[in-house]
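Should a chain be cited, it is by its letter among A, B, C and D, assigned in written order, with residues numbered from 1 in that chain.
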Amino acid sequence: MINIRTDLAVEAREMYKKDNNTEVPGVEVDVKKPYEDVSVTVVEIKDERGAKIMGKEIGRYVTIEVPGIKHYDAEAHDKISEVLAKELENMIGIKDGDTVLVAGLGNWNVTPDALGPKVVSKLLITRHLKQLMPEHIDEGINPVCAIAPGVLGLTGIETAEIIQGVISKVKPNYVIAIDALASRKMERVASTIQIGNTGIGPGSGVGNKRMALNKDTLGVPVIAIGVPTVVDAATMANDTIDMIIDELIKQSKDNKDFYDIVKKVDKNEKYILIREILSPYISDLMVTPKEIDALIDDMSKIIANSINLALHPSLDKEDLNKYLQ
Amino acid sequence: MINIRTDLAVEAREMYKKDNNTEVPGVEVDVKKPYEDVSVTVVEIKDERGAKIMGKEIGRYVTIEVPGIKHYDAEAHDKISEVLAKELENMIGIKDGDTVLVAGLGNWNVTPDALGPKVVSKLLITRHLKQLMPEHIDEGINPVCAIAPGVLGLTGIETAEIIQGVISKVKPNYVIAIDALASRKMERVASTIQIGNTGIGPGSGVGNKRMALNKDTLGVPVIAIGVPTVVDAATMANDTIDMIIDELIKQSKDNKDFYDIVKKVDKNEKYILIREILSPYISDLMVTPKEIDALIDDMSKIIANSINLALHPSLDKEDLNKYLQ
Amino acid sequence: MINIRTDLAVEAREMYKKDNNTEVPGVEVDVKKPYEDVSVTVVEIKDERGAKIMGKEIGRYVTIEVPGIKHYDAEAHDKISEVLAKELENMIGIKDGDTVLVAGLGNWNVTPDALGPKVVSKLLITRHLKQLMPEHIDEGINPVCAIAPGVLGLTGIETAEIIQGVISKVKPNYVIAIDALASRKMERVASTIQIGNTGIGPGSGVGNKRMALNKDTLGVPVIAIGVPTVVDAATMANDTIDMIIDELIKQSKDNKDFYDIVKKVDKNEKYILIREILSPYISDLMVTPKEIDALIDDMSKIIANSINLALHPSLDKEDLNKYLQ
Amino acid sequence: MINIRTDLAVEAREMYKKDNNTEVPGVEVDVKKPYEDVSVTVVEIKDERGAKIMGKEIGRYVTIEVPGIKHYDAEAHDKISEVLAKELENMIGIKDGDTVLVAGLGNWNVTPDALGPKVVSKLLITRHLKQLMPEHIDEGINPVCAIAPGVLGLTGIETAEIIQGVISKVKPNYVIAIDALASRKMERVASTIQIGNTGIGPGSGVGNKRMALNKDTLGVPVIAIGVPTVVDAATMANDTIDMIIDELIKQSKDNKDFYDIVKKVDKNEKYILIREILSPYISDLMVTPKEIDALIDDMSKIIANSINLALHPSLDKEDLNKYLQ
């Protein structure tokens, strides 16, 4: 059984379905369409079998996809913030007074890895206000604090260690961890948001995390929000080759032998072969859209707004538009 | 005859030689090794035949390659600045008092296209000093001015129009145009510098130029300095597929049919097929090394230093290290 | 007659009125209140006498003041954009098809001088679209192009020369020049916008312009938009000292002699004395609010939006909010 | 006894000496001149009396002053790095294998407060390398890690809490805290570096720290490195007024009464009066040199280099120039 690595639950499921023509066992899937151009896929991994196939922990993974999202469409951005806020609320179930620590993971010096730090810079930070002047802060405004812990190469300290240290002082009820992901498909870059209630696994994301960030390692529930910002070069090459071979086969329909040979090339073997061939480059390479700077900006605003909406029940969109930008 | 598009003269020549096992007719090539790890290839396109095959104007193209260049090796950077300064001096033959306008092409908002603007920001600008306080400026310091004209999408004005307008006021003896290029090979990204005396052709570089920048369009000689900062996604896919096919052939040596089929797939046809398949993504995609921000910084310092050295004969490296950073 | 230097027409008038208890001769003033917290002062300098006293060209100067403006109040920002757009429309009287060149003056490396370049980066640029695909661009969308010419120290070229060069190619009907100004009063920093139809005088603004940008030097009408972003250190010291002396006098009312002495200190003399004492520092010093980065961002959005609204009659605020950010 | 607030021990001492014509009791001062244009003042506060007068903890404060330092003089920068490295070594007395945590305090969004975060971004980070591949790291390279904890308004968490949290995981032998300071004198801005072995007091620096960072609060010795990057607006006004009054007195020597009156104005009272008058602006105002961005860059390189030299005895300046920039 192939266990292909992808950060996105919807992609893991997609690959399984494509190969097996059936839903992943132990996994329940529900698709909603809150708006015509926005789809929400809820993937529930129910048991160990599903977890193994999917390469993910047992838990709930909600993926919001907006394939046609445009950089300049502020209205669409508002819609997505709203949808994401609602899904976040469902997942957290925040109670009045709960403290939330938001951790913006990633390297602020590498554009496609800077999503987390950018979200943090746009949040409504309230924990200190609740402590210093509680009488001025309305009910329904909950204490929120945030850090961007950087990456191992910048700090010399594991991301998880920094967050553990901060948690030991702040004692939050929840951690929300934001991270940039790698997608298998170009179309998903900066048009897809995944939220999950199982935290962040080691090795996921654009940068290299060596320790998981989850309830086990941090001691509090960890909600992960991720957006694909790069495409894995090996998978892109792999997919392109598949398309080429399909095309070649079409063009030489009568050539039975060729078809047979190509059939015989095991999928996983081929992927491994490509990784090997590309390996001198892979670790250094990233494939991104040209307008990645602007896309990361958009996505960080959308996510920051949705966190602001979800964590402060007494605020509505108009308040946020009035008080924040 | 295949006329494959590449911004680099050495790559055009390489491809021709690989396919034809002979030097390009009408082209003279000389390779020097000023340092063990630095090679300088001078490609002289002598006639129209060579120009047509190479897809480049008749003229002189000097390529400096430093395959092992490391981000942190300041000593190596100094060596390359020196080599580049010497080649620039040869190509320009500056006379005392000559005014030079440096044009840093590209989009400062797109990291791999920001090379030109970054070089401009690091130059020793002297034209106004020579005008305002000539008595304080030593001989051997020539009047240098510089602009970063932006790209059409940012200004609504053709790059060439802005430069023509500025030239009409400044009346420089030379223009040096800096641009980020696309390479066919990952190894060349941020490790290769090309200087040419034929200016910049339409459609070259990372961004989209629609008008050439050369003696015809600007009225003064144009020296172009370019560095590959991205890899074309289609050529990367193409090269990967070639490697894969080679590998597959090796693994199934006895299978004569397969080899024959693959042989029959015309190279150029295959490349066109790949471009077609990738075309929905190609225009938006770029493949860059992860540390592209730091690499662009390094390269812009190297180029700015070499221009400073080449244009101001009375300065040496120590002066520049003392007065600039 | 004292002719105190200030970039703002309202300040020149204020100082004259304070000293003379009468309106400036040759100057007409009208104050409007489009919103409770927004005041619009129109200063019309009618003749040479008024021009001499005010230290400004004959022409129309509109100042929008929003004393209580807050960084986070997006609603208020929209209101000001609207008011500014209306005043711009009045001043320009744009006709369908008119080409406008926006020049964002100032040094992008010095935060309080970066207003102009920041406005340019937020404009809706359309000139190339009207040229390349006129059939796709609605009526009521006029051709707008823009440049940020930098400052003399960065380019070695006079700002006016670059703009003249570009005008010679683009042949716009109007130039709009954006610049950061120095105010005499802290309260005006980033809360005041001045528009004038006489262009930009030499020596005005935060940076050093040595040539005027007006119809005489550029050949087309020049609308100037300015926002105070720094306070002149000498005037701040001057004003503080005046306040101190007032306070000292109050505290020693009976002391007739002191009052007399201070009275005898000529105002202008005192100012000159202060400038002399501070002169080793003045050229290097600037006094800004701590949140200057955020304030410049706000103001550049407000101005860019109002230019977008004023130049494209077929767009309304909703369109802009939808298509731009 | 006046206890005027200043972040710099040399300024506190200077003020005392000026008013009392004697060295501060309980304080020992030693001045060295390692280079003609570099002076090093060591202020040792020996007892509680000295501490009270100086407004600083008992301890050692070393101030390096380079009044003529120029932005572009790389040679001078190297000299200062060396001097600072030596003083740091003296103060820390690092033993092989000691882990050091560098904390870059301040707000990265406010240019003059961004010194600390900028230093952190230029350090040689080694702690993770010593852990992951100890066999590749030479002796004499000690484990260094670093964070920029941000400020309360950005994170909602006290700086001291974040650092305490990180210390609880990293268990360093020393903390080095870098901070931007306010100076009373313009000449000291970006030309003076203070190192002290008593950590950082509450309320010091450009931003607002509410908790001390010292051995008491962090549990390990804290070395503080500070550079003045702004001038306090009230003290600048105060000093200017003193100069004005001196000048006025000189010009009216015979006027005995005036002199008497001014004499009667108590110094401290006057300062308090100025603060009151300026108070609506003071909290928001900062006075900085225009080239503050470049100055902060220079200073952060100097400090980062000196920390790299001091903490890794096996590296010399050539190594650092070769391996770092």
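Methods note: contacts are C-beta pairs under 8 Å (C-beta built on N, C-alpha and C of every residue); 3 or more make two chains touch, one makes a residue touch a chain.
The UniProt protein names, listed by chain, are A, B, C, D = Germination protease.
Keep in mind that this is a model prediction, so the values were computed, not measured.
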Smallest number of contact steps required from subunit A (Germination protease) to reach subunit D (Germination protease): 1
Maximum centroid distance from subunit D (Germination protease), chain identifier (CA atoms): B
Distance between the centres, which are taken as Cα means, of subunit B (Germination protease) and subunit A (Germination protease), whole angstrom: 37
Distance between chain centroids, defined by C-alpha means - subunit A (Germination protease), subunit C (Germination protease) (Å): 45
Sites on subunit B (Germination protease) touched by subunit A (Germination protease) in the complex: 109-111, 186, 233, 236-237, 240-241, 243-244, 247-248, 252, 255, 257-258, 261, 265, 270, 273-274, 277-278, 281, 284-291, 293-294
Contacting residues of subunit C (Germination protease) [partner subunit B (Germination protease), same complex]: 121, 125-129, 143-150, 152-158, 161-162, 164-170
